[in-house]
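The structures considered in this document are given below.
Shared between the two complexes below is chain A, which pairs with chain B and chain C, respectively.
Coming up: the complex of A and B.
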């Protein structure tokens, strides 16, 4: 069941790669679209199979692979991965649909996109640490290649930077995973086995911090974010859509699944630090976005800021905040994908993304009025205007983090105001005003350019008005994760208290214990 | 029937929303063949339905106790959000006023915007406006009110930016959005805090909670100030008052609503929040101080304006300042009364202004004159609106001001001074505008000025009648002052202040041999007033400065420190590779030697180095490749 999400795209990629030469543009695109649509339908089917009342793993699959290594092909889904799987399937389809019709080397391009989708799905589904790592690394290769081959002028620089950073992230994660397997002495990479095994706090801290940095590069958190604006600026539009929409979520997903899930005690120790990092990310990303002149860079820095909210709510780690985290992941995935799509349309029609040059694109007859209107919607959704998904996601994040980290939450909220500032500047400069002569005969915008963003816009509004349609899928999982963390932390504090008591007051008991 | 009506109270806001959605095919250009008129008609139809529904509802709830309607909206662990509606005589009365004014403004817009190509978009936005406002009035939940206030912010932005091709409009829209956003953001902080510490966000619950809440003074004060900030922004109070003035760049029919009921919505939320604000003495003091400052300051600024819409919009700020003061005095009834009568009068003044602007194609007071004989209906509307705005004849605002004065006299007599000043200055200002626009000799732009068509005249006359009937409506709502024991002194002072203001205005602007005011007031003072007390500078040097500085710093740091460091590592590795290649001689024994040393070195390094370091090696290797 679940493996379909991984292997159909990968096999499909092989099929695309060996398609005959004649009219390859059309046929490769059609096959890729067909596979992506099938995957989306399959994800919806899985969603219908999913039992909302259950908090744990569902639809499990297990196949022994390399037993000596502790590597088992084990896949399953829960309320944390389900929304991300759907997001991945949807955005893959949209990214493939939004691809330029006359792209160079279509076979390779569409194959890589499909491999990317399959690998990401695998990473979200893997229930074995090593398996997760494999998919996490596999996803890098196609992404590196699509940026390096189909990117903009400085694609070599951006792609290498991306690869180095993410490889470093991968190594850190691998180190933490190996360390965990070794230290725990279980010689397995099974998630559940490792999760129920409790390590001493100091060991946990070392492993968790390694993991946080590893995933932090991917999310990205400040100061490891610098690969992101470059990668976005150079990547072609569909890749930006996937990168911002899905791939960054791998980082936060990993943080929640492996950081919080495996080391809840250590998590509670470092969470104030994480919340502070979140504040820095939010404010730094938002402020840096204000100073940018490239539309893609503005959106990229806004991603840095908005991923900060996810870290804030993850740090709080209460049931409500974890639910808010998942919701914000989906919300950011949709909104940033829409923003990148629209920026892509503007770029393909005008040939520039410089907000100093563009002006008056809302002009009804000769400009891009509908694209501009959708840009206003996307910008407002990102700025957290009610009626759209961004508002309720951010509200949940703030509301749930406030009792735990009041000061950090209030500081993060300033980021919402700053978001309004940079997106308003963007909309005002690029879309308002009078259309200059230089931009007066733009190529016509086709419905094909508008549909992807339009679909996302509908989702943004629908989920903004009916947030429960999304929340219900993740509620039980979030509650389970939150209460589990709470239980483990309380247990740890209780043991500490007992130990302190023993150390100070009743040495006799300790002696008798050792005698036993 | 009554049951059914109050169960369907949420339909009232829904009509406007449906109207807005219906216009989509026209506003995005799917339907071109019919032009955008049908969209406008459909929207007006929806507003008529909303008006009928809310009128029926008012009839139904007239004698009924207030009833709450709970709509479950969001369910999450530890957080349930209900959209709570409260149907009472006051809230439903509010929706009637809003839908009625919206209907009048929309019919007016049919005439005013006759030749505009984007009519559908305008009516769609008006639909959202109307929906959000009637939602706020009905709402019994701070969460919902907050959300709808934000929707109002958005639609204000889009309505002000309606003619987005003009540069002034662009900045006006931006300022309107950002200024309100500052208030909204602080309000959001308050909402989040309140939601965490008080549990439910229903106003009814909050009022009960506030009676027993034990908060530390710091928390209470911060909370109170945060909650205050939203209404301050929405009601254009000092220091977030400038947007209303700039918003006058937008189409006039939207200004009618904005100056009457939209600003009122902020005050309405403030009234609902009053029990929570009472927890913090500091917040109440701030409320009073801001209200008093705005009331007098904005009245002064209004006098110095030469743009007809701006002259009136500043006086809106001033009246909302009076509303703030009423809330600060804990006189909710008076505040509501003032909102109602001010809304009626201001809407009429703005309709009349709209006719003038459409006919003369100018907003500059100095270019006008002599319209009285040419546009009788507009002139009458203006006169009625002006009289209803000041405390002279027993029309709407006179009643409200008497109530206000009686309340103030008990609480803090010095507040009478504020009222007298606002009333006198407004009277002066209204006569000044009258003199410049309708009196005197016609100028180039006002020479050929026919009366406006019936589409604009009918709403204007209707509203005029409503203004004249206001005292009777108030009587029906039992909101009239108690005449059994009136404080004759206060009434006399009020009338005197109006008379002095009018007389001074008449002397300066109505007399044939106009004494020049220009010389009467020192130029710097005039400029300061005309420039809104240089408020722009205040923004420039505080918030704008901080954000710009922060963003430049962040960008600089990002470019030169964070990225610079990364690039330095890259460049250094490439440089070392480039340098090393000159050691290559081409002789095979050198290669063998290099190979040998290399193997030795790598074995040593590998055995020594912890493999945590491998990312650096990895990156070096990759860097060196190209």
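Coming up: the complex of A and C.
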């Protein structure tokens, strides 16, 4: 059942790669769209099969693979991965739909996009640590190639930077996994087996910090973020959509699944540090976004900032904050995808993304009025205006993190204000005012350009008004993860207290002995 | 000693695979003499049939109950079977890729094949030799045929230069190796059989540690030359660049595998008393090889030189398995060599094809190749990415297995160096992929612009195509479907008595040394 999400795109990619030469543009696009639509439908079907009342793994699949390595083909889904799977399927379809009709080398392009989608789905579903790592690395080369081939002027540099950063993050993750499997003495990479095994705190800390840096590069957290603006600016629009919408979520997903899930005790120790990193990311991302003149860079830095909220809520690790984390992942995925799509439309029509040059695009006759209105919606959603998905997500994050980290949460709230600042600056410069003569002969915006962003806009509003339609899928899992963390932390504190007590008792006994 | 007893001691059936290769070699030679130049049409197939026959014969020897042959001179245990298989397979694929190359250069194909088969024969005997003289004779058979092969393009000055360099350095290293073996002979009281040397070393440990260490250093120098480990690697880039490419392909896989077979057998058997010392030396060599090989490869502009440094680095990775010395370590090493065979030969097959069509092997000349030759681009990309350890290709699983085995036995430093350098290696492998795949048509290089139309029906092209596709399929699927290979690699280690015995004797050796030390202390 779940394997369909991985293997259909990959087999589909092979099919696309061998399509006949005649009218390849149309046929490759059609096949890719058909596969992506099927995947989306299948994800919806899985969602309907999903039992909301259940907090653990569902629809499990398991096949032995390489025994010597402890590598088992083990997949399943829970409330944490289900929304991300849906997001991945949706954004893949949208990214393929939003692709330029006359793209260069269509066969390779659509194949790589499908492989990317399959690999990401595999990473979200993997229940074996090595299997996760395998999919995490599989995604590397297709993404490198799509940036390097279809990217902007400095694409070679950006793609290589992305590759090296992600490969380094992969190595750190692998080291942490190796270390965990070895230290636990189980010599297995099975997630459940490792999770139920409790390690001493110091070991956990070493492994967790390695893991946090590894996933931190992917998320990205400041100071490992520099690859992201480069990659976003150079990547073609559909790839930016996938990158911001889905691929960054691999980092936060990994952090929650493997960091919090496997090392809850150590997590409670480093969580203040994580919250501080979140604050730095939020403020740095927002301030850097204000300073940018390239629209895509603004959106990219806003991504750095908004990923910070996810880290803040993950650090708090209460049931409610984990729910907020999952919701913020989905909300950020939708909003940033929409922003990138709209920036892509503006760029393709005007030929520039410089907010110093663009002006008055909202002009009803000759400008891009509908695109401009949608941009305003997206900016509002991103800034957390009530009625949109961003409001619910940020409200959940703040509400749940405030009791745990009051200072950090307050500082992060400044970021929300700053979001409004830079997006208003962007909207104000680019869409308001008089349309200059130089921009008056814009090509017509077709419905094809508007539909992808429109669909996301509808989702943003609907989920903003009726958040429970999304929250219900993850609620049980988030609660279970949160309570499990709390239980293990309290258990650890209890044993520590006992040990301390013993440590103080022993001299007392000795003293009494000498007195005798 | 009656005849039946002697026949049992000789146990000539153990070298059936080698006998098949010898027979093939002679037939090729004679047929070439009789039919003259027209023999080139089918001698390659004869040679391949012979090598495949040898591999089939090796299958029959798997788990053989009487592995010892020739009065202890040759040991056909599972480990030797697997290494002989790797060498024979490497030779077979090399023959496939060399037909067109040799014909285009205007030299005689049959002679080339004969020398190549001799080299393979030397390597196969080396993998199983269990006795010092046998080791040296087969090592020289391999080496001398390799020198001949590197200089096979007589009219090409670079080939001559490569052969001369290889010969001089190789002869010096053989001499050093021989000197080390002579010391072993003396230290063990005039024994040449490895098993007896091992027992005698253990029995006399503590009395001769300095002599053993010197012998060890000399022996390692000889082995490190064969596997091209830093700092004994200096010949590699020059020889790889100058030699005919099919020869380089064989040297980088077949000759290297033989070197590793020799390393396992000799080091584990002859130096049980100085295990820590040889582990230390090899650790240093492995780290140097991984770091230097991967870093220097970044700066190369010639494809063959780049693969030369990459092969140095790969030798460093394989040495991890040798150093940790556990069952998992040895079998991960064997497994890595098996997948390395396909990915490296696949890479070289692509270089051969590209050189045949354009006459150059500069990396920049590959620019924009996808437009003209998608199959070559695909094959080269997959082989290089596999060498870089990108999943789901075979090299990823090989590296994962090596690193996991290393990690399990506590070689954290080595594994971390391996992981970091493999990130570096991705950079130079992807550079070539980028050249071929990413460059736009307008950035196409001159060589690719003048790319000849693809004609597989030219004489000698079909075998190359077959070799290419075999490597391509094996590289893509050997990782995902690697269970049979894993079983094979594990079986080769578990079914080899001396590796299993080594684990038992190690503690014994330590117990032996302790009283000896105490005794010497008392004397003082």
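Heads up, the rule we're going with is that the second predicted complex is superposed on the first by the 505 of 516 C-alpha atoms of A that agree within 3 Å, B and C clash if a C-alpha of one lies under 4 Å from a C-alpha of the other, contacts with A are read in each partner's own complex, and residues count from 1 in each chain.
By our rule, a contact is a pair of C-beta atoms (placed from the backbone, for glycine too) under 8 Å apart; a residue touches a chain by one contact, two chains touch by 3 or more.
Model, not experiment: these values are computed from the prediction.
In the three-chain model built by superposing on chain A, chain B clashes with chain C.
In the superposed three-chain model, the partner touching more residues of chain A is B, compared with the other of chain B and chain C. By the touch criterion defined above, A:148 lies against chain C but remains apart from chain B after alignment on the C-alpha atoms of chain A. In the superposed model, A:69 makes contact with chain C only, not with chain B. Look at A:156: by the touch rule set out above, it reaches both chain B and chain C.
When the shared chain is aligned, chain B comes close enough to touch A:320, but chain C does not.
In the superposed model, A:38 makes contact with neither chain B nor chain C. Residue contacts after overlaying the shared chain place A:140 against chain C, while chain B stays out of touching range. Look at A:392: by the touch rule set out above, it reaches chain B but stays clear of chain C. By the touch criterion defined above, A:164 lies against chain B and chain C together after alignment on the C-alpha atoms of chain A. When the two structures are aligned on the shared chain, A:50 is found in touch with neither chain B nor chain C.
Chain B is struck by only one stretch of chain C after the chain A overlay, and of the options 110-118, 200-208, 398-406 or 416-424 that stretch is 416-424. On chain A, the surface touched by chain B in one complex and the surface touched by chain C in the other have residues 156, 160, 163-164, 167-168, 171, 175 in common. The touching residues of chain A, counted against chain B in their complex, run 156, 160-161, 163-164, 167-168, 171-172, 175, 222-223, 225-226, 283-284, 287-292, 318-320, 323-324, 360, 362-364, 369-370, 373, 376, 380, 383-387, 391-392, 395-396, 398-400, 402-403, 406, 409-410, 413-414, 416-418, 420-421, 424-425, 428, 431-435, 467-468, 471, 475, 478-479, 482.
On the chain C side of its complex with chain A, the touching residues are 328, 331, 385, 390-392, 396-397, 400-401, 403-404, 407-408, 415-416, 419-420, 422-423, 426-427, 430, 434, 437-438, 440, 482-483, 486, 490. Contacts from chain B toward chain A in the complex involve residues 28-29, 73-79, 117-118, 146-148, 150-151, 153-154, 158, 161, 164-167, 169-171, 173-174, 177-178, 181-182, 185, 188-189, 192-193, 195-196, 547-548, 550-555, 558, 562-563, 566, 570, 611-612, 614-615, 618-619, 622-623, 626. Within the complex formed with chain C, the residues of chain A that make contact are 65-70, 104, 108, 130, 134-135, 137-138, 140-141, 144-145, 148-149, 156, 160, 163-164, 167-168, 170-171, 174-175, 178-179, 182, 187.
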